[in-house]
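One chain, subunit A, appears in both complexes that follow, with subunit B as partner in the first and subunit C in the second.
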Partner chain A sequence: MSEEEKKEENVRVGIFVCHCGSNIGGLIDCHKLAEESKELPFVAHAEDNLYTCSETGLAAIKKAIEEHNLNRVVVASCTPRTHEPLFRECISEAGLNPYLFNFVNIRDQCTWVHMKHAQEAYDKAKDLIKMGAAKAVKLEPLEMIMVNITPAAMVIGGGVAGMSAALSLSRQGFKTYLVEKEDKLGGRLNSLYKLFPYDIDASEFIGNIISNVQNAKNLEILTSSQVINIEGFVGNFEVEVEHNGTINTFEIGAIIVAVGSSILDPTGLFGYDGNKRITQFELESKLKNNKINQKDIIMIQCVGSRIEERPYCSSVCCMTALKNALNIKDQNPEAHITILFRDLYTPGTEYEEYYRKAREQGVLFVKYDPEKMPVIEETQVKVFNEYINTEMTIPYDLLVLSTPLVANDDNKELAQMLKVPLEANKFFLEAHVKLRPNDFATDGVYIGGSAKWPVDITESISQGYAAASRASTILSHDTIEVEGATSCLPEYNKSLCTGCEVCVKVCPFNAIIKNEDDEIEIIEALCKGCGVCAATCTNQALVIRHFTDDQIMSEIFAYGGE
Partner chain B sequence: MSFEPKLLGFLCNWCSYAGADLAGVSRIQYPPNMRVIRVMCSGRVDPKFLIQALELGIDGVYVMGCHIGDCHYLEGNYEALRKFDMTKKLLSFVGLDNRIRLDWVSASEGVRFGEVVSKFVEDIRALGPSPLSRDNPDQELLKKVKAINMAAGTKRLRALVGRQRKITEEENVYGEKVPEEEFNELLDTALKEEYDRQRILLALARDSKSVKDLAVELSLEPSLVLEHMLTLKGRSQVDFQEIIGNTPLFMRI
Partner chain C sequence: MDIPSKSALIIGGGIAGIQAALDLADMGIQVNMVEKKPCIGGRMAQLDKTFPTNDCSICILAPKLSECYRHHNITLYSYSEVQKVEGSAGNFSAEILKRARFIKEDACINCGLCAEKCPMRVDDEFDRELRKRRAVYMYYLQGVPSVMTIDKEKCLWFTKNACRICEKTCERDAIDFDQQDETIKINNIGSIIVATGYNLIEDINKEVLKNYGYGKFRNVLTALEFERLESASGPQGGHIKRFSDNETPKKIAFLQCIGSRSDRVEKYCSSICCMYTTKEAMIAYEHDNELENYVFYIDMRAGGKGFQSFLKRGENEYNIKYIKSKIAQITIDEKENPIIVYENLDTGEVKQIQVDLVVLATCIVPPQGIDKLAEVLGIELNDYHFIKTPPFISVETSKNGIFTCGCVHEPMDIPRSVAEASGAAARAAEVIRGG
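Moving on, here comes the complex of A and B:
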């Protein structure tokens, strides 16, 4: 659209600057920012709000749209990655096309990262608003694209999280496939002894869930099976699963990742030998077979976790150690148990009780300093006790290492198939830790359990249910609207297209074809709007809606000056 | 007061923009010199965006995308890399190539985002203000950068770069693959030729000129200019205007 056409359309931009409490307003003057934005071209209204995303803020936007006849809205606040949907919905409730909204990030990428440079942060926010408003002027209304939903789910991983998710979905009436790479369901729980809290027998517990899964309607179990390829998009995934050399393809509407985690290989840590010096995990199977007759037992916490290479807390090891210490005492009341720990983590109403009980039963707790690691000798451990400031020598005939859960080796391949990210420790990374804890940024793909970070059984089950519930928000619809910001070859650019077909080759989703009329055509449901084709188009004929050359150039010019 | 670089960054939505947000959530502090334009994928970044920004006197431009193999759209960042390399080569004709940078920053690399931005600010500060910066742009250089901008829009260069991965990574119908070095030679020649041709077109913007005049004005070999004129004539971008004495004058169409 040219300047002339803009005037004709009578573009009226409204700008809303959010204080975000003191997150933005505490550093820079939001009122002044709003006042100054009134000077920008086509801006008809500007105001600042304490929280633009609150009920009051949203009402203010709607009111201003009406009062000032706004047809473009810019919000300068946190980040579009979390709040764009909210504001789009708000303006569409006020009768505007949701794409006539533009987001300016002045918190996450401005006040939060320039806390000691108030003036510079102000200048930056001002530039960003200017750029955002310039783009807003060029925005055009777009239609969402309707796609059909296949009412079937696939849950990847047959551990306790995956089974909980699959049960929940199948009970809601959705055809559900549960894919497990091992030959039986149950995951880690198959080799545990007793579960905290309440010392429930693990085999019995998991046995019940497995039989529920096996008897569930609508639920197909695919054991010894592996996902090898995933194509498509929300509501319309095609998943290839390999089983004993044969490959089957499934049509799936939503996918849940519940692949769990692995156990750290303890080789080389604290003299591990799998015999006299074992992991908690190995201890569980010994307990299962009633084979603990050792007298002097030492457990060491945080073995291979909370260190530089693996900085995270594995979250289940404290409780595992307490639980196992009590279980040993049960089988062998004579045992002396010492737990060497860095910090003890027993949150909530149930878990602290384990610590109290352990103390009552004479389990000894010794805090060690990671700077002065315990030294493991053949039959004794030397440890510097922080509380009494002396080195202690403790004899042992069984040493148990509390090693962390780690990300699976094959997470990377699955992440690539799903186009979802992993975090620094190679666990799966959710869309947002607080706002969307069981979603991925990719629509139609959800996550639950230890695939995200180590969690205990209770939490795995909750997350399995959570992921299932998130998936059902998609599956319960016949159709869904997807992103309208796709590539297109507009009528007015058709003459520019030379038919060179470079775009056809460069599109990662095969969304561009040459049709029977020998014209370039974009299949919009397949297009994901990445924009590679437009950046490539040899005669600059293709347009990426919502990120057009014109729109991006207007941002560049707004910043660089005409 | 030391010079504060004016920087622009193009961040892909899925990784680098998320990484920049994470830097915020973690309160990582970095210098406030860079303004960000969000794009869905680094592959969206047209060479013209970078050149235009430099032409406007912006001191440095950063492109950031997901790590190779992690692009949300599978291969967008491979394309970004090719386009970026081409842009860098074009800008090297005028010594502005060290003012653009490409990096991969993932959604979990908040700390790293802060680090790479700080480093970029430092490096551009060391380079000093762009010779095209607002107060006093170098007019001669500006013309050359305009020519580069136009060259980046030519069908020939765009088609070459757009096909680069197919040409060098996959076999053609005759079962042959063009080796990377061979392709690069081809590309280098094309870049230089298109750059010179755009300079000629710019020089002809106002008046008609002879080959000899153009050769002097642009410091090019007359024979080379003549070759270019013939190509440009073939593309119907220039034509003879008149012949004065024995010398033909060319004009832009």
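Moving on, here comes the complex of A and C:
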């Protein structure tokens, strides 16, 4: 008898078939399923329960574990999505390792989808149980992995998003480092005049936030500093920061990316000359320093955005144009301002009011068709107005181009250091656009503000706070527990590994590295057990715990024979 | 980090409230979550898909519901309302009315036998009254907590002193007709987050929709009704049929800005309609590749991540035609096909088009009961009766220690609601941790 067979000889599987009220029991005979399961290899006990998940059902499992000396438990029921944690906890309370549990889905994937075919559903459920029991035989105990957490955060980027994140973390009591590559905090807001839609001075607003940051406890400001290297993983990052030629290393538990965005270089667009034809940003600095004396002003929206090369809407330009138009009107009510637009983007309550205000104050809006772009001449713009089916000629002495926010050129380097992805326009790509807007797929790294996508100040601030919250869910703990069903390169398989590094490349969580000894190493704290590496490994050197080839093949053989 | 002695109170169990609760709970902070409806999940649970990825809404939401329910730091009060709040930042107390659902929550396992036997047929609120449920019912299929509720207003026992069939049917003795409303007092609340979401204009003002034939013509629906029709768990099992003749529509017109951007109704932009309309049109096209989609809009508002490419995909791959226009009139022909008269705002032409179905993109309005809740909490509302937030800090309210997130203070999409929820959680954690 081989070592393997000896091990299996002591395996005692218990099977619990759940009626789930009428959800399963209403279509197929659960009692018969349980009785037939008793014939399966290594099965020491089988029973059916009206509701295995109820207190009565859970008590029945515990009792059977004791009475029949079970060391593997299979529940054939609803879905592991909602109920696997419950049953794992149950067998754990009865003294078994929680990974010695196997879930067989005979409701969602059987009686529900085959509700008109009772016999076929029965046969399928029987097969599924047979397979599940075969896998259970091969299950091995696993331990959850504990990771220590350094309770310190680093926020990269000292703009309004980064400062909001840093302030919140420091107020929550975490040591926080705020890294800014410029010599002062404030970011983009330093160069703005007023802030829409409130007519508030940008410098005053950002000044207050900077002063809060400077006075905050636990918050260390590192200006003229740049992150040059990041090693480690969630809870245990080592970040190297360069400042005036010296390099300091920081131990960090969580990192927040808040590097903001850049402004498109408008050279070559609509006759841009930086003088008579300028960008909205240049207009802002003019407004900040002097009065605008020009009488005829034209603004053009979507300059360099919503085009093939840059298909996105930069979302802040319409409001910026309205703001600057209103500010000019404020200084000079006689000014004629025409905004050439495609779709006015003023969502929500206050922005829409702002749009109305601009209309009421006499700002003129003309829609242009991207197929018939406005033609810029020395002192006039020709634009085809489809509504009146006429080419309009509008004179100007100042032409203002609404150019979009674009991704920073150095996003790529930072992304590589953090091992996080960028999207097609080179903004950072979050874990899930809908439900994880401020996370990365890599644990312990978070994002907020325009580094992810162009957003206004309000959203930059709430996203800064959001990133702080996400980081706090990690930093609040001395240790965190991570899933034990991870990938591994077992000692006995090391000779199979050729070091081709395909696994390193395919891992979506950057959990696989080649270490100093030139060996493939899995950082278990980062591994989610998705199995991509093992499926890709040409020599089958990698093993996914809880989903080993042996375990999966045993299911297949149980179904189709060897 | 030490475990804080103060807890958080979260009002509203939609996606915003859920995210805020999970963040705080994952920080080790005790959370009390209060949801008015029998189950958490909110509006997102009613959606079929979500833009711009067209992920199945309930599939990405359900794990969060279950996480929320199972989290050892979260106490969930469903079918409950906050009635009284006292104190100030760092030390609030609250009274919660937990309404009797006449079901023992720890005994019911949502087997559905009682509902099968219940003789009453009642309009199903979750399905926008497009189908009937029973007087004893599950709020929605995947709802959490996964327990039934007896609708006291409709149940024969409460209205006519008769029946009690459910009681006899239940194999787990989970029916309890003697259950009483309970008032629960919670002390030591450090911070409160208001995330009670939104209603739609048709919930408070059906008159507005009448101009577009809604209520008069059977083939004019609201967008949320259409969403339910598209959903596999909805009243038509995901096969879109006209209510007039059960035919599959081949031409659908989606009308934007219903109730919003209007001098007569709501002035504001409802923010999400351009995108959800595009999504609904895409899904309808996926059901039937012969479908023609027309979207009648004023400005397409698609500033979020991936939204512009989503519109392009709609145009190029899902047969959606976007028409910048103003709607003048809707009538029907003898087959109840809606006829839309509109002015094309690009060309100035007045045109008409006959379609099979009209879907109205109705706007978001403040949630019902917000005036009372604002009074209970002592927070201010803005002119529209959304929660008033200070300039640039959209998660703060007029009162220290009370934060907000999601559509209760302004119309917004799910990613922004989720981001704000985390943002509000961070701010609440500051207060709770004494920062």
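Couple of notes before you dig in:
FYI, the second predicted complex is superposed on the first by the 340 of 562 C-alpha atoms of A that agree within 3 Å, B and C clash if a C-alpha of one lies under 4 Å from a C-alpha of the other, contacts with A are read in each partner's own complex, and residues count from 1 in each chain.
By definition in this document, a contact is a pair of C-beta atoms (placed from the backbone, for glycine too) under 8 Å apart; a residue touches a chain by one contact, two chains touch by 3 or more.
Keep in mind that this is a model prediction, so the values were computed, not measured.
In the superposition on chain A, no contact is made by A:Glu242 with either subunit B or subunit C. By the touch criterion defined above, A:Ala441 reaches subunit B but does not reach subunit C. Between subunit B and subunit C, it is C that contacts the larger number of residues in subunit A. Look at A:Pro347: by the touch rule set out above, it reaches subunit C but stays clear of subunit B.
Once the two complexes are overlaid on the shared chain, A:Thr458 sits against subunit C while remaining clear of subunit B.
By the touch criterion defined above, A:Ser472 lies against subunit C but remains apart from subunit B after alignment on the C-alpha atoms of chain A.
Contacts of A:Arg81 after superposition: both subunit B and subunit C are touched.
Of the two partner chains, subunit C is the only one touched by A:Cys53; subunit B is not.
Overlaid on A, the two complexes show subunit B and subunit C touching the same residues of subunit A, namely 81, 423.
By the touch criterion stated above, subunit A contacts subunit B in their complex at residues 79-81, 105, 107-110, 112-117, 120-121, 123-124, 127-128, 131, 416, 419, 421-424, 429, 441-442, 485, 498, 500, 502-503, 505-506, 508-509, 528-532, 534-540, 544, 547, 549, 552-553, 555-557, 559-561. Of all residues in subunit C, only 1, 15, 19, 23, 26-28, 50, 52-53, 55, 60, 62-64, 66, 70, 106, 109-113, 116, 171-172, 261, 267-269, 271, 299-309, 312, 324, 345-348, 382, 384, 386, 391-395, 410-412, 414-416, 418-427, 429-430, 433, 435 touch subunit A in the complex they form.
Listing the residues of subunit B that touch subunit A in their complex gives 8, 13-15, 17-18, 20-21, 23-25, 27-32, 35-41, 43-49, 52-53, 56-58, 66, 69-70, 72-76, 79, 83, 106-109, 114, 134, 153, 155, 158-159, 161-163, 165-166.
Contact residues of subunit A toward subunit C in the complex are 20-23, 50-51, 53-55, 81-82, 85-86, 151, 168-173, 195, 198, 200, 205, 306, 311-315, 343-349, 351-353, 356, 367, 369, 386-389, 423, 427, 432-438, 448, 452-454, 457-459, 461-470, 472-473, 475-478.
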